[in-house]
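We just call them A, B, C and D in the order they show up, numbering each chain from 1.
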């Protein structure tokens, strides 16, 4: 199918299927996460359409689209303000189970991920193990047909909304730190498991700490081989890095900035769009965003040609997040004091609260604050540069 | 020229530091934010008792006759301890304008109350669509019998919810909504008929409101400054305000750098303190250099304002521009080097971050001050 | 879309790489610079023999019908080996303009000579006081019997000292010295009466001249493009020129990064290779990222030009802006990481540095292209 | 004396004493060095006036000026385009001899430095010992009343114009590398000493390599104690760092940029001075320069109050050089292709050569190129940051 025909088809579907509330939820996103409940409604719409897992192999429920089509789909969803689907199950656990899971695990979990029956969160980081994951200490000790888990996981996104968690746990203290780690699946309603919300700087809760106090998990929940969870985790991390199209995020950011620049005034009663200094700064970032967009296409091209685009994936993570942050800064400069208003109830989709101040600035400060984490999570900007130095430049 | 503090100035700094260290812990601040909107009346009363609120007012009205240097000294400590009490809003801006432009009766009426900590003021000058441009005024003051009737809408009135009275800008002449001339300032009591507030909190833990004015009647004596010439008094007061927020930013940046050094020494990764990583060390050095450059500019600017130096305005513009860059660099990297913990509400780093984000755009963005610096340099 | 080279394109790249690696060592280049101004006739003849000079011209004039992608492939290698031969000046710009705008007779007269390596051309369009603005033209072309009389002064005519003929811009209408309309291009032989050159060398090892024209007579057939409408043909040719210099810059940046990686691995300080210092490692990573972003933009832009994509012009502006930033970052840091040795004439690093400095401002600074990008994006 | 009276006095002296050729030499400087011969003429004028060594104690020939007066003197000289005096003897060796030298050394060398009879160059760096000076290997071996020196020194500025060189040499291989280094004075016309010029990227020679092949030097030429030369060198390096007033250089750069911006056009027939984007970029650097100027005043203030300003000295070196480089970049952007002209003979004071292209751009490219070295020599920007991290931030 011609790409433009496909794009039309996607647009038609979006026009028809996205409710005002869903679009509002997309518009009001202040981080990579949308309102959980509305996003889940959207998840179900996509599920029924058969479009929930474009990145999966078709035999497991994927769409069979080309890379280009998947990109178009993502782009159109984002620009139509579809709320982001909470995607750890779809984007991380699913591909991993397809690669490492037993037939039973695939048969049981994959359909539940597709339908939205299970929402998965991720238990990797620990208070003492952030970028240095290999030093994790949360331990799973074998006891008959179970493991007993003790310890805690932190920075677990939307744990409060999830019914399952996939975890890295220590099953052995021998050998290199990486050698004794296993990958395991846990029910959130297990006895001894508790969730403590972490309030973010914008006043909302997206992250949690998860505590394990003698949590008993059946041994069949292990994925892959015991003590070889590190390979599973690495597979997932690479998937996480390569999978995101930052250029699409940037387009949404630029569209928003253009709306602001067409309604707000800088000093001297000049619309921001006519402020030459601002225009130069905006163009500077926009040019980097354009260069990154073409780089993402190169990555995709290399991937499609069967090559490994690993190196460029670290690059797109670093540049993608840093460019996004620069857009946030421009937006804050433009909204000025109007971005000070903290009105959390006006950020909930479906709310009846009248926003105070210009509506185009409602999310500005929260986005600016929340997006600082983009260069921290998923391998900090410093770690990514270390990786590039070592693996690409062989330094 | 401006290197040495006088003995009084050193005492002021030390006493502020001591009081805040003992009574203004981050934990107590956060608890207070959850309890009461805006600020703590107890702290404010203590500030008054310690004489801080009187520091910059003339002796004839009960003040101590200090200037920008005293403001700088106090606000630097406020920044270091994340003080959220409205010293800037009530004392520097509203107090400063009344002192500069009100007639004697109005001064006597309000200054003593401000100094005693009994009255709170708020400046209402920002309007929709504009960023920190005090000349973009659409609110109007029409002559009516024996005074004026004021109508319009003011956004982002900091400290508005706690204020007993407002100083409001309105246009008495000049058709253009962004003309510099034709703007006047008026004192308006909170309970004036026709005035209504839409209160809210701000991301940096303070309070503000939108102010609606519908034919609010004020008498002639409420005029602050000459009719249609608010700029004459607002310019110097805003300069003073810029010194205040930049000093506050400096204190905040000092606190962030200290916290970052501590944290990176304690935090272990890959078997060593992360402060051992050269990239992080140099990042902290760059933070340090940005802070020291800002400090130099701040000290010089405060001194030049107090001594009416011919290049004082130029220094004010330079200072705000430099602070914008430094504040962003320091706060971003403090958060980056703290990692996840810095993004949480329970840790102080993010609250300094948010305050620096706010100060960065207050009184105009970095670019607008660079442009002003260019014009003044010709 | 633009990822894969065709077989012919891969061959072109490989053959250029091979020839230059074997015959264009840095040492031989430096020796040649001392011996002969401008460029080496032997190399140029070989470029012609290898078909490089014919690559982008139409087949009916003896070319191979290639486009921006072929220019990109060649120029990237030229940049990598610091080739100083005037491919840009003589082939891309002068050849490109003649092909785009000259009548058939003129094309036949000049294109075959350019392709054969027998003729050298130079574009004379820059004037005093202006930076890379082709519309700031004060030179005039007055109608005279059967043709024009051209007078004026052109600065920075690259390859001018070696040129057999010039393409010169002059104003035939429009009073304003910076109007876009009213500018024409003319072919003028070096030996034309009234033309004089003041030759000089440039910091990046090339030659250039100032051109004085005093009532230089040219016939009507010397006109390139429509009268008064040079912009119509110059625009696309300059876009092609920007791809050429940016490809050259990319090759130079690749060479600098490779040299820097090598050097920092070998150079010992404080008992270890300086490549072990994390700050230097990350600096090289940032160089790498700037290079890769530029590469993506370059490939996309060349592809879009060849395919007449609607956003091709926008990409050209983005490319030149990005190259300006990347070239500066990479060259500055290559020199910094080499330390003293990089600042000497005998080491290649500084020569790449100088070439990147030149390319950075050619065809307009980074800011002018950002501004163009903004306008085209609306 | 009131500072403004002093300033008038200095200005009057400069107006009267600077010849057109000297001012031309100042104007045509493309690095920290001026034409040697003309600078030496100026040296002699200052010597006869008694103003050649303002930084020296009065008893040794200093002027007795306050720090402020010395600053004013430097500033007025620079802004009047006085050529820079070749100052290694005055600024480095002199203070060091005053501190460490014997009475005989002081009596002999100091007057000759003041008069200009001796021109001193500096032999510190070696091909294998740049920022890591302690690893130097040029050796001085005791032989009776002499030392015999073998090895080589590099980056020796103006060695070709100097008749003396002060060197760090290795006199012992025992203990820490720093422990076996001595400080010694050598005649440039010694047998076995040869100078090889290093051509710079601008095509001129400012640096040299100096070779020592069994060079015999009297043992009385040692300064300080044998094997303790490291302390002497450190003293000098700190003097070098603290002694320079970058703000004055910046003022000269800004004046030049303003001249360019008032005569050159950016695209659209706009004078550069009216180009808002350029103005914003220029103001950005100018603000940093202003902040640095006040920081230099703080350093001076701390110094005058008897404190140690060591930390801020590394800061002023890093920021001073980096700000200077940013001005060079702006200047190059403004002059564009007009900066390409390499016309070395037009850069010689007193030459009759007509410059090609706008005269305000004659030095632009050479300044841009040469000033890159400013963040390399005298302790690179990276080394300075290491120093600040360690000594100031205690990291």
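Before moving on, here are some points about what is shown:
The definition used in the following text is that a contact is a pair of C-beta atoms (placed from the backbone, for glycine too) under 8 Å apart; a residue touches a chain by one contact, two chains touch by 3 or more.
Here the structure is a predicted model, which is why all the values come from computation and not from measurement.
Annotation: A-B is the more contact-rich of the chain pairs A-B and B-C, by number of C-beta pairs in contact. Chain centres here are C-alpha means, and the one lying farthest from chain D is A. A straight line joining the Cα centres of chain B and chain C is 53 Å long. Note: centroid distance chain A to chain B, computed from Cα atoms, is 38 Å. Chain A and chain C have centres, each the mean of its CA atoms, that are 43 Å apart. Shared interface positions of chain B, i.e. residues touching 2 or more other chains, are given as 277-279, 282, 367, 370-371.
Shown for chain D are the residues in touch with two or more other chains, namely 276-277, 280, 382, 385. Across the complex, chain B meets chain D through its residues 1, 3-4, 261, 264-265, 275, 278, 281-282, 284-286, 288-289, 292-294, 296-297, 299-300, 315, 318, 321-322, 325, 367, 370-371, 373-374, 377. Interface residues of chain A facing chain C in the complex, by the touch rule stated above, are 276, 279-280, 282-284, 286-288, 290-292, 294-295, 297-298, 301-302, 305, 312, 315, 318-319, 382, 385-386, 388-389, 392-395. On the chain C side of its complex with chain D, the touching residues are 126, 128-133, 135-136, 155-156, 158, 176-178, 198, 200-204, 208, 210, 268-270, 277, 279-280, 328, 332, 335-336, 339-340, 343-346, 350-351, 353-354, 357-358, 360-362, 364-368, 370-371. Across the interface of their complex, chain D is touched by residues 276-277, 280 of chain A. Put simply, chain A touches chain B in their complex at residues 125, 128, 130-132, 135, 154-155, 198-203, 207, 263-269, 275, 277-278, 281, 325, 329, 332-343, 356-358, 365-366, 368-370, 372-373, 375-377, 380-382, 385.
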